[in-house]
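Several structures are given next for inspection.
After this come two complexes, each holding subunit A, first together with subunit B and then together with subunit C.
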Partner chain A sequence: MTTTSAQTVITPARTRTAADTVTVRRKQGFQHGAWFVAPFLVLFALFVIWPLLRGLYLSFTDANISGDATNFIGLDNYREALDDPLVWESLGHSAYFTLLVVPCITVLAFLLAMLAHHIERGKWLWRLCFFAPFLLPSTVAANLWQWLFNPGTGMVNHVLGIETAWLTDKSYAMLAVVVCTLWWTVGFSFLLYLAALQGIPAHLYEAAKLDGANAWHRMVHITLPMLRNITGLVLALQILASLQVFDQAVVMMDFLPGPEGSTRTFVQYTLEEGFTSYRVGYASAISIIFFVIIAAVALARMWLLRNREEGGR
Partner chain B sequence: MTTAAAQTPDETRIRAEAPGAGSGGRGDRRPWTPSQILLTLLATAVSVVFLAPLLWALFTSLKSETEAVEVPTHWLPKEWTTQAWSAIFETGNITNWFVNSLVVSVCVTFVVLTVSALAGYGFARTEFRGKKALLGLVMTGLMVSPAVLGVPLFTTVQQMGMVDTYWGMILPQCAPAAMVYILYKFFQGIPHELEEAAFIDGAGRWRVFFTIVLPLSRPSLAAVGIFTFIASWNNFLWPYMVTNNPDLMTMPNGIATVMNSYGIQWAQLMAGGLMAGLPLIIVFVFFQRQIVAGVAHTGLAGQ
Partner chain C sequence: MGRPGLNRRQLLAGLGGVTVAGSLGFAALGTGADALASGADTRVRYWNLFSGGDGYNMIAMLDSFRRANPDIDVKDSTLQWGSPFYTKLAMAAAGNRAPDLGVMHLGRVTGFSPGRLLDPWDVDLLAKYGVREADFNPELWKRAVIGGKLYALPLDIHVQLCFYRKDVLKKAGLLGDDGHIVPVTSVDEWFDVLKEAKKATKKGLQTIGMWSSDQNFQWWFFVAFYTQLGGTWFDDANTEVTFDTDKATQVLEFLRRHLTDGYVNPGFAGGAGAEQFVNGGPFVWEGNWSVPVFDGAKIEYGATPLPPVFGQQATHAESHSFVLPHQADRGGAANEGAHQLAAYIVQHAQQWAAGGHIPAYTPTLSSAAYKKMNPQSEYVSAMDHQATEPKVWFAGSTGILAQRVGPIVVSSTVGSAKPDAAARSMKSTLTELLASKNPMDGRTAAQGGAVA
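On to the complex of A and B.
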């Protein structure tokens, strides 16, 4: 009896599916959709959009940290910023850092992932080893490497048998920050690559083996093409993160801009102007300039991706 | 469907690589081939390089302050002492910072998971006026971080009277567009049929969300949650901007700003640093399978 009644219910419902479900979905979606996104949007509006707009407004004023005596001064801040050698210098340092870190991290993460993927024993141990540094706070990683690079008492010079003044010579200071960053952050990209490697269907390799492809061929014709998307993602994430470098550099140099200002990054300069010189208006203007640069990089990437996809088809 | 596709290659792999081995289960010991030996040696060497700095920190923390700065330097303490470890507990606010870190990270993770799961689903599966424009706005948010707009964000939080408060530390970390985007991408991949069946049975949007979609997304939510927790636990820049009060500082800030300001005591600093890193390392040891699976699942790796 139960069976028959169940069947009679199901059969007409199935025939109605196409038209009905869509209307039901639309209707309910229209009622509730906005409520799903509302909580996020409130936080997002308060702590992302509003500061962005506020920064834009402040950048046209001479506001100080307490917010009083604010005058509208038009484009003066931007004019000053373009003539400010420190703006260009700090931007250059951020760019130099990015240029060194991004290719190294991508290659290193890929190699580590290949290693951890192909090794058969103790997988969890290798994963832990390569990922562990990423689990430290940036400040701890920075303090640790500051200690390691210490000329007299540090292990780096001791092990290498050299006497380089890593942290006080302006030609080495940024390199020291780069080394610390590589060690500290490569684990994240490593994990992305590892997950992507595990996602490549095994039958592709089986088929290639049957066709007599050697390890090198399989790597060039299967692994690398299958990893193209993840490489794009790793590059994008790393570029955006590296341009915003701050923590390591500032902690390794004891909260100073490094020897002859050689590790002063763009973020650091913004904060110096805002919180040390109390020039909130000017700091906002250079923040906006920085935002535009970041947005340009992100948009360029999206545009390149789209072009490549279209070109591929 | 997925299971069928996954099973076939798995079975063939087991048969191909472990000939003669009966069950194909966990207990199988694969033979040491020359290439495996080579890879293991290589991995060991790389791991030594990766772990050396951490060991160096550990050994330093077990030296006395005078021995830590001795020249020439040496790896192992001549005299093992836990002096630095007891000192950080006696003199510093380290337990305070630890609790602050825990409160902030747990709250941030909870709020982020809630709001970004809801928003991700809302954007992926419901229709409402202005959805496209709002989604575009969220994409803009991917480019904004405290690093980019720190000063205006600070003045905003200041206006709200939240400087030097828990709220001021927590709430601004709770609107990560990236997490919404990741979950949005994931929810888009869930087959429509699953939801439609429930709609026909009379379930509403919310019920479908809680009883069908959320349970399906557990691995993705775990990955988002773990990464949010790591990011929040390790966040330095925002707490650094928003609080100067040593009682309110989190681990990374307390260690970097307060411990440094008395002139660096290396043994103590290393002990404090290891304390700050330890909780996450333990979390990772227990959850690494879920983390890797979660990364694969979210489409972070796949897209």
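On to the complex of A and C.
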């Protein structure tokens, strides 16, 4: 769902001239294209649209996991959700995580990309090092960091010479998840930045140099503006992905909601209600609420982007 | 390349064909192929949740059953324990794809919709294979009976224990002539023991590991000590909360004091407690499943039930038990095979006891071979003073009750909430849960929720 909405968001505005001229060819193109996208559309309808509609229906019922004895209860689940402190608490945790991760990952990815772009010796090694963690499954990354954060034998405390209870103290648990996430996922944004950096025409820098611009000026007036679109993409993808944080937090906390529930994210709470408490109807209702929130974030970003583009014209 | 010569109708027909062929193929894989491979007459599908040492022991027991009964093909599947296991079991039973035999924590049976997701045991059939009510601890058996029918066949109880290092305690003068820890009968005595033990402990190690920030362990310890005080949860009709906040406060203060008096280092919470113990920490409160771990570490240790600091012996106990997940057409050879297999394993639980669990089957429990096991024989008495969660639909291992109340106990133990406030908060959560409806049948505990 995320990638789809993100893709819609980032599709660059099509140049009007090309689109308007040959309507006939475009129509034919559509017919051909339909066959190519059909497999995707079928799967999308089957595994996204249908479950979404089904979830919407279930959110108005008191369905349980066994699927029988289901009654239509109207908006009761939604009413309950608004009064449920755990809904707000877990939503707060997901938002807190997003606020920490998104800026860090964007800056970090940019810096690493600059480093890998400009360094001459062993270029491939740097790129591999920065990108490799992203290839690991979340469980591997989470287990790895669980060891590193272990208070007795873990490397983090050993290196820093401290005795912090990273995974069992509620003030640090979410930070530990954030650190793991940064290490694990920065590679993807790094790659986007690297590709964008390589796409900046060299003649721009040459011209600037001739005009006497120093490194700082070149960065501020060429690099950063040329990376604006990619930064928008990184931010969008990271916000949407971070709001849905789940697996690394759950694995790092041994399938529990962390010390005093401090790493219980919204997705985890939905899972608990649906699959531990067997309240499928209620879990559907809160996941629909979450869907609306995420869709709102995606739409807000799209709206902001459009305004900015129009303003810039 | 030209456009593919395919219209919508042809495509649909093609897809339909592929689907039918595919499902037939899978069906063949699921049943025919297995039966062909084993050549056995009966096939018993068995789901369990045992990994690690328990998994190894269970597989060894299954193999000896297979050797003794070559006509029965046991197809066992091990799934991730905890909520994921129960979810899969519930959905399989609801979708009529349930295995012939399953394992559950006894405390979860009440909430697992007996009669709808679980089928009752055929007690006569069990007797045919040598398992009778008289061979079990009565309390344990009683917990498995719901609405007059037996829904679970207990395999063991597993309890929280107080593990101690004999080498450290000897140095501290806390080891009796029998090589066991000196008896403890009150809170003051217990903290005196910790004080002496601390003096004999190497620098950098904590005195006792007690999972101070783990919601499951802290809840289990609470259940144990609250039961020692004679505390109750609900009245018999499950209409009123009888939870005693004064007693609860006493327990919460007791747990908290381990941290405030400096015997627990919050930095070594969770699994790090066991690590500290192996490195020379004098005490750790752990589940009996840690016995193989400490055996493997080759340390000199003993294990008793949790100290009876409030006078009365009681330690938290759960039980692995066999269940029959609901099948619309339960019966026949596979069903009888399930009875035979469960009865066999219950009776051959000597191997199981090596994993630290206390066998539920009393003939095994009182056998000479079991009595020789160490430290198992030191804590076998726990069978007679089990502290368990109330018998309601929301209780049981990793269930809703633990999930809701566990974090409150933790908040008091680690100091982010005052014990008396935490006790009140526990009571209001219990009140809320008692009034809530079981999603399986829409009835509250008082209305007999989940008991069909």
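Brief remarks on what is shown
Convention: the second predicted complex is superposed on the first by the 277 of 313 C-alpha atoms of A that agree within 3 Å, B and C clash if a C-alpha of one lies under 4 Å from a C-alpha of the other, contacts with A are read in each partner's own complex, and residues count from 1 in each chain.
What we mean here is this: contacts are C-beta pairs under 8 Å (C-beta built on N, C-alpha and C of every residue); 3 or more make two chains touch, one makes a residue touch a chain.
Treat the numbers as computed from the prediction; the structure is a model and nothing was measured.
Within the superposed three-chain model, A:260 lies in touch with subunit C and out of touch with subunit B [touch as defined at top].
In the superposed pair of complexes, A:239 makes contact with neither subunit B nor subunit C. Of the two partner chains placed by the overlay, neither subunit B nor subunit C lies in contact with A:178.
Applying the stated contact rule after C-alpha superposition, one finds that A:155 touches subunit B and leaves subunit C untouched. After overlaying the two complexes on the shared chain, residue contacts for A:34 are found with subunit B alone; subunit C is out of touch. In the superposition on chain A, A:169 makes contact with subunit C only, not with subunit B. Contact with subunit C, but none with subunit B, is seen for A:276 once the two complexes are overlaid on the shared chain. In the superposition on chain A, contact is made by A:64 with subunit C only, not with subunit B. Look at A:252: by the touch rule set out above, it reaches neither subunit B nor subunit C.
Number of subunit A residues touched is higher for B, counting subunit B against subunit C. Common to the subunit B and subunit C interfaces on subunit A are residues 32, 35, 65, 67, 152-153, 254-255, 275, 280. Residue ranges of subunit B in contact with subunit A, taken from their complex: 5, 8-10, 12-13, 16, 30, 36, 39-40, 42-43, 46-47, 50-54, 56-57, 60, 68-73, 75, 111, 114-116, 118-119, 121-123, 125-129, 131, 134, 137-138, 140-145, 147-159, 171-172, 174-175, 177, 180, 195-196, 199-200, 204-206, 209, 230, 233-234, 236-237, 241, 251-253, 255-257, 260, 266, 269-270, 273-274, 276-277, 280-281, 283-285, 288-289, 291-293, 295-296, 300-303. Contact residues of subunit A toward subunit C in the complex are 32, 35, 62, 64-69, 71, 150-153, 163-165, 167-170, 254-257, 259-261, 272, 275-281. Residue ranges of subunit C in contact with subunit A, taken from their complex: 3-4, 82-84, 86-87, 90-91, 93-95, 113, 116-117, 212-216, 265-270, 272, 275-276, 279, 398-400, 403, 407, 410-411, 414, 416, 439-442. Looking at the complex, you find that subunit A touches subunit B at residues 13, 17, 20-21, 24-26, 28-37, 39-41, 43-44, 46-52, 54-55, 58, 63, 65, 67, 112, 115-116, 118-122, 124-140, 142-145, 147-148, 152-155, 158, 183, 191-196, 198-199, 201-203, 206, 229-230, 233, 240, 244, 246-247, 251, 254-255, 267, 270-271, 273-275, 280, 283-284, 287, 290-291, 294-295, 298.
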